[in-house]
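Common to both upcoming complexes is subunit A, partnered first by subunit B, then by subunit C.
Our next item is the complex of A and B:
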């Protein structure tokens, strides 16, 4: 029997440690919590998109029997926001509302019905302001600014980066491709509606149970917004009934019920209605983009200039990060010698956008992968081969200073090509049937926390005692992705025990060490590494004690199958429980810790903090479709997807994430859209959500979901726990462009935007029949006044990761000079 | 007089409801406008039944009424008088799991678990009607149960595993049990 590289738990398909609690209905989600004397909260939300609040009269509501408390904007003087740079939200609006759904008041009452009735009898008088709905117009709509911070007009943030001189590269290229794409916004639609319960204790401390993906950030925001010391607040993240990014922000209702519980001295609960969940949103940004790419005669990329315009909705949320992410990851898939990236986010009177699975990267990925299909066609190359020829190399620093370790992209492409019999199908199927290929890449965790600090991103504590039981404490939150199981698998592997003997306590700011949260696909890699460290420290203690007892050197001991033994003499070993007893006798009460912080990024320029990750995952997909040219109906026959996971810790969970990502990607490709319409002026002229219900917001049902063939590429990454990389987000990325490319292969029309609907296909076919190009998509990209870009020479042009022209510093210097001139 | 007229103290009078719940007689006081979801979750503490919309759109609240899947968010509790209701809490026989419950855990039929109770009960009713259901029939039966996590594939595989098991066939190679 060989050594420690032989895994006993890692890589084995197993039921998750919390699987049965889910199939027996015992998992306690936030809305399942009921506390004695609990009151209920309802929010009154604005029905106008943009207005000043002139008057808010709560007297009728206050007088209603059963009403305990009414809160308004006056009760929340302090603003908050998930990012330090956009502290623009208030738990309840004070002077202004910014979208239909913005909350203005909260009623706390004996039951939901009473709270609802009371909320409806609050009288609010609004003075309407110009509604900003179109992101292009928003660029210059100075008169109707949503916020008094940000840049000119309703521009929230503009970015410009130039990694080498792209214009020069493009001028020298054999071909230059220029395309404009549009990616419609869509929302997470997690099945669980957000819920939260708060309870105060007599010492004035308060506990919030919430369906949040990020208890640590909620903890910090509550402290700020309520002006309470963090030591007075405890946040417990309940298991989430799906998240997908939709529960990563801090929400109004969380702050409201926490305040209410403190004021009422009784527990207070809120559960949002489905309609309200649509207003919470923080979903996919609608993005208009232009991509100019230089290509050499033999199909190599020479440079790319990407421009993006994001419709951010009414608040900052994660928006600045999303804006960076629309450009950050383009260079990590294919070799890009030079890269320029300009991005702009605007405010509009719609629910705020934020992170959804893939956070900011699916939109440009969609554009780039369709453009590659066009390039391949023009150069008369096979699109799979074109990609294989340009795949980035392992252990490279990209043009924008992202450090790639392992890259299994070529292998992914080869696997889906083989499995789908691509060579027999592409450009060879009869009219109406087609295949398309596309790729993607994603982070295994962001290299930086959202606020600057030098502390670990993830911490784990391990408790072992003489019973032989092991408990892992970690701040991570299980949102359905299986993060509790990841902790159990890893600890069990290191200690040689069965995962079912490991208990997990997670997502509780009072009991568990900080983990930043379930976002950016960081949990497996970061909590996993922290768990390995804690478990190895525990193993060392046990080994030392057992070695003394058995009189053998500690390093020779093997931990496996619930025993600790010398492989040379397996019969002389002790049980794991006896090993713990020996260690507890020798060292006293046992406990170890582990922590993880990502490696320091190579980028030194301002803004270089978004994009670095300890490891990148890769995926490739081939989608096989049928398109009815009469009706435009698209049927997806099959999806072949290969994902470079590094190592699958639990293949059942990994496959579930892959297929779940494909499913969500197909929804985005074909039907999901968060769209708005104006009410007739006679009514209110308001900008309202077109479909705030699960019936109208279309998503794939069990009848629509095609078969998915999954290939896992396992090439362990040195930065991942046992080599593991992410899988929660990456597999979604190639799906939308692969569908678009397959539709083109089937019927010869280019749909350069999502969702790809039958109407658009018919429009394209009709256009083609009249001699047009058969393309449906945006015509052009607006003229945006970009700031002077940060110029950063790529590593191969002598760059060191710093900007050679820091425009920010220059601007500051000019300002300073101007100040002095004015002063004198 | 203000809106207080409609306040909690003047709620419609409650009435007793007697029905079979998970094989046992259950008596509970309900108001005529309470849905079955509300009564199960809030009055009886059976929170295994979930809700994702309370408008009949998602299937998370599915329970069995006289053996047939129904949306408990659209069903008034009073309509259950004298009838038999089964929730996820009633799927286990004593300490023994229903085969669907173990298959879903083993094979990834559940991720976040929020749709799971509804899916399990729908599948249970299906297997009672069609013990040899095909994938097409499984898809059809589950078309009212939205799942945002799994992409349905592992749900189908979990149900099929139970069907194979019931027919005494060996597990599919590569499946996780």
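Our next item is the complex of A and C:
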């Protein structure tokens, strides 16, 4: 019997428990909810990018028939924000607007048409402020400040960490590579537009149904922003029609309709337009980056210095976390003896950036994987071999104190190399055709909640009764990734029943135990472990009762195929239903709980909380492209991708996630860009999203997709449920650099930025024809005044995870001294 | 969601009835056939007609009949065109153009007349009311400035019809019907090089019919540039039609560039260069360079003007080579962003789940 056959449900390709409802259109999304006497809400959004609100006159709108309520910034005195360090948002702007799309007023009316007409009748007088559009210019102090918190100028946050002396390593290296890359911002483009419905009951309690990935965080934020006790609020996450990080934040429209429902005493609904979804954004940060890497003569990395500049948009959102993530995961793929990381996020008058699939890590991964391609070429090594030689070892503590357990990266590289016939193709295909390789890594769940606490990250309750039915209650939210199916698979495996007999109740703050939410690829690992614990406790109860009945020791009983039996005497077993009856008779009403909290991270330095995870997933991809030198068109022939999943709980779902990641990655590589248009400054202050529509924001359609060949590497991780690691985000990471490297192999042009478009190819080819290097990308990285770094010696240099200095204390002391000097 | 403004709705049964209602309602009325262009524009408040006069119930507009070549009712859908073998064989440019408009779902609804009259497009204008308010509107509607060319005093929105360049190359005429009478004009005369007033159609006129000449011995072709093969408006197109004699000498020629200006551009100088000559590589190169010189796009469509301008030369070259009889399948495939068959590198999908070596 092979290892795999031990499982009866896990690892078997199955249709998901919610598959039919989804494919037949029966799933009820937030916008499908209609309640009696329901009112409709529209937001009036700022049409200026940066201004002070001088006057807001709602009298004309208020007088319109059918208008029930108008809310403005005055109604929302309390600020909120997803991260405790960035409480900088208001449900409706009060004194100031910060981007085109920032909401200033809400109209609640009998129908959408009335609400929209009334919103247009609100008169707002603005006093324009300087438009801040360029992140480099935003660095300087003289640009108008968007917020009165943060650091100097429009700098939101700067970070600096030094894990060992990188300059010393680089000085001693045979080669030092220095490259500058740019990763353009892009958005999630989930098919479902955000919608929310709120309804209050006569007791003054309120329920919000919303397309959110994180009902628990919405619950907390509503309580703060509306100054209501959490006990008065219930948040229900509807199934999401795609999330990708775009529904992980707390949104102004959610707070507005909740307040409005309480004020009107009637349900209130809002469904955003596609354009408004572009303004919600919280998507990929545009990142300019510089990478200096030392390499030994035989191709080993000696140290890396990474600098990133993030264009954050108008608010904090998850931005501080995103900023950390632009550096946190670089050391988990290849062995990096020393590492220095500086990062800076600035505010600009654009929709706020935040987490999108890969959260902050695809940008530096793009840069590093292209740089490795350049290193391989310079050293005359095969880029796949170069990577195989430097892949990090399992059970390692990295230079920045991340604990790697299993790592299947080498196997991933070998699989895609074999599958794609890499050796026959790389540097061997005719001009115009090429292959590129790249790798990536991602978290299986963040090691910390976004607010500090000692409680579990995920909780599961299990209810069993005499009907033989099992219901799992969990705060997790199915955003299309299949998290409900994960719960069903795991409970079914432990209890030996069919997943279709497991009901799931999820994402409801009143009914389900807390799960932090569907973000950071945490759900399979964390809810999975909690579900195993709850299911094993239930199994123990059942086993005890059945053992007494059958007069055998409980530990010998097997739960399989809907029966509980002694494998030595299978015929004398009982059905699962009979087992539940026995247990209910013996113990009373049955219910068990399970919970999960990740292991304590090894990092002891300030800021070390971003990056740790119970397990890291790994991916490698080879992309085969054709590039037409005459038109610059890039055609992806095929994508080969291997993903280290630990164990595939449901291989069909896993492959679906891998292909979805490839799809999104190709969009980012080739087309997608959330870009803004500045009019000639003499004529206009405007700064507008260039293309806030699904037609003009270019993304691939299913017809534009190449064939994707998926290899799953299964090397069970001890921290994962049945060994499973994440798959929702990781497979995106290698795609963009693999495309860039393939383009170089095809036509010899380096495109050091995304998207990689035909005109950039042509510009690179033209440059080359004129004797230039044939590179398109940013010229340089700006001078940024970095703070003194936290110095943390790596584990192999005697470090214990603490920094040996405290630059902040030092800085505070200097400031204090300066203040005194100025005062005197 | 985005909501339509209120409007009155008429659904006449005959062309005459439609023309009478149009005359009666005046310029605040708009004709609607497939609605694939008009309705999104109404939702964005780019157009707010008080009255819609639907042409869907008028049988006569949906017919394909015999004329000198063929007579196509303006209400014929693009899918009808794609399904018509006569068009596929004898008026290939039109067939190719219709096949490349939008997606199958939209082609099932969108009509030929609608595509000929499709509004000019511009990234500064094809936006919601609120977005346009943020840039203080533009010269096409409610504003003063053409943001694509702020020093210019005209609108530079781009002619985005696929079928017009093809039909102009084919020498088509259109019949316009009003309550007071009707007229037939060459299709190119329907267009004006002004993004705001891009049609010469009078407000009371209905585009009723497209008349194709007998194109025996003509060969035609249509090439379309767009970033996303699956669904996009053209950002440059080339339509060409030729009649050559038995010896291969070009006797008649028409070449049209689409989606590069506010109207289709009929390149008479290119035609003059071709006529009387055989399509040698040198001649094609010269013709392409000449045509390319008339491509002066602005930064107001999807892809950068740099790319659109550069692509005119290769696309004209391919169009003429195809008319010469060269096999241009590979160029067409690449331009549509389609991968070549990789059948020589077989992939057995069964093996993706193979057991892992342990």
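One rule holds in what follows: the second predicted complex is superposed on the first by the 797 of 824 C-alpha atoms of A that agree within 3 Å, B and C clash if a C-alpha of one lies under 4 Å from a C-alpha of the other, contacts with A are read in each partner's own complex, and residues count from 1 in each chain.
FYI, a residue touches a chain if its C-beta (ideal position, glycine included) is under 8 Å from a C-beta of that chain, and two chains touch if they have at least 3 such contacts.
Because the structure is a prediction, the values reported are computed rather than measured.
In the superposition on chain A, A:129 contacts neither subunit B nor subunit C. When both complexes are overlaid on chain A, the residue A:479 reaches subunit B alone and has no touch with subunit C. Contact with both subunit B and subunit C is seen for A:703 once the two complexes are overlaid on the shared chain. Shared-chain residue A:633: touches subunit C; no touch with subunit B.
Once the two complexes are laid over each other on the shared chain, residue contacts for A:114 go to subunit B alone; subunit C is not touched.
With both structures placed on the common chain, the touch criterion links A:346 to neither subunit B nor subunit C.
In the superposition on chain A, A:27 makes contact with subunit B only, not with subunit C. Using the contact criterion defined above for the overlaid structures, shared-chain residue A:659 touches subunit B, although it does not reach subunit C.
Of the two partner chains placed around the shared chain by superposition, neither subunit B nor subunit C is touched by A:535.
Shared contact residues on subunit A (touching subunit B in one structure, subunit C in the other): 13, 113, 193, 273-274, 651, 655, 693, 695, 699, 701-703, 707. Those residues of subunit C that touch subunit A in the complex are listed here as 1-3, 123, 126-131, 133-136, 145, 147, 150, 227-232, 302-304, 306-307, 310-311, 314, 334-335, 337-340, 342, 345, 347, 352-353, 355-356, 358.
Contact residues of subunit B toward subunit A in the complex are 2-4, 6-9, 41-42, 45-55, 57-58, 60, 87-89, 91-92, 97, 100-102, 104-117, 120, 138-140, 142-156, 176.
Contact residues on subunit A toward subunit C in their complex (touch as defined above): 2-4, 13, 45, 47-49, 100, 112-113, 116, 120, 193, 271, 273-275, 421, 624, 626, 628, 630-633, 635-638, 651, 655, 671, 677, 679-680, 683-684, 686, 688-693, 695-696, 698-704, 706-707, 709-714, 757-759, 762-763.
Of all residues in subunit A, those touching subunit B in their complex are 13-16, 18-29, 31-32, 34, 60-61, 63-66, 109-111, 113-114, 117-118, 121, 188-193, 239-244, 273-274, 479-482, 651-653, 655-656, 659-664, 693-695, 699, 701-703, 705, 707-708.
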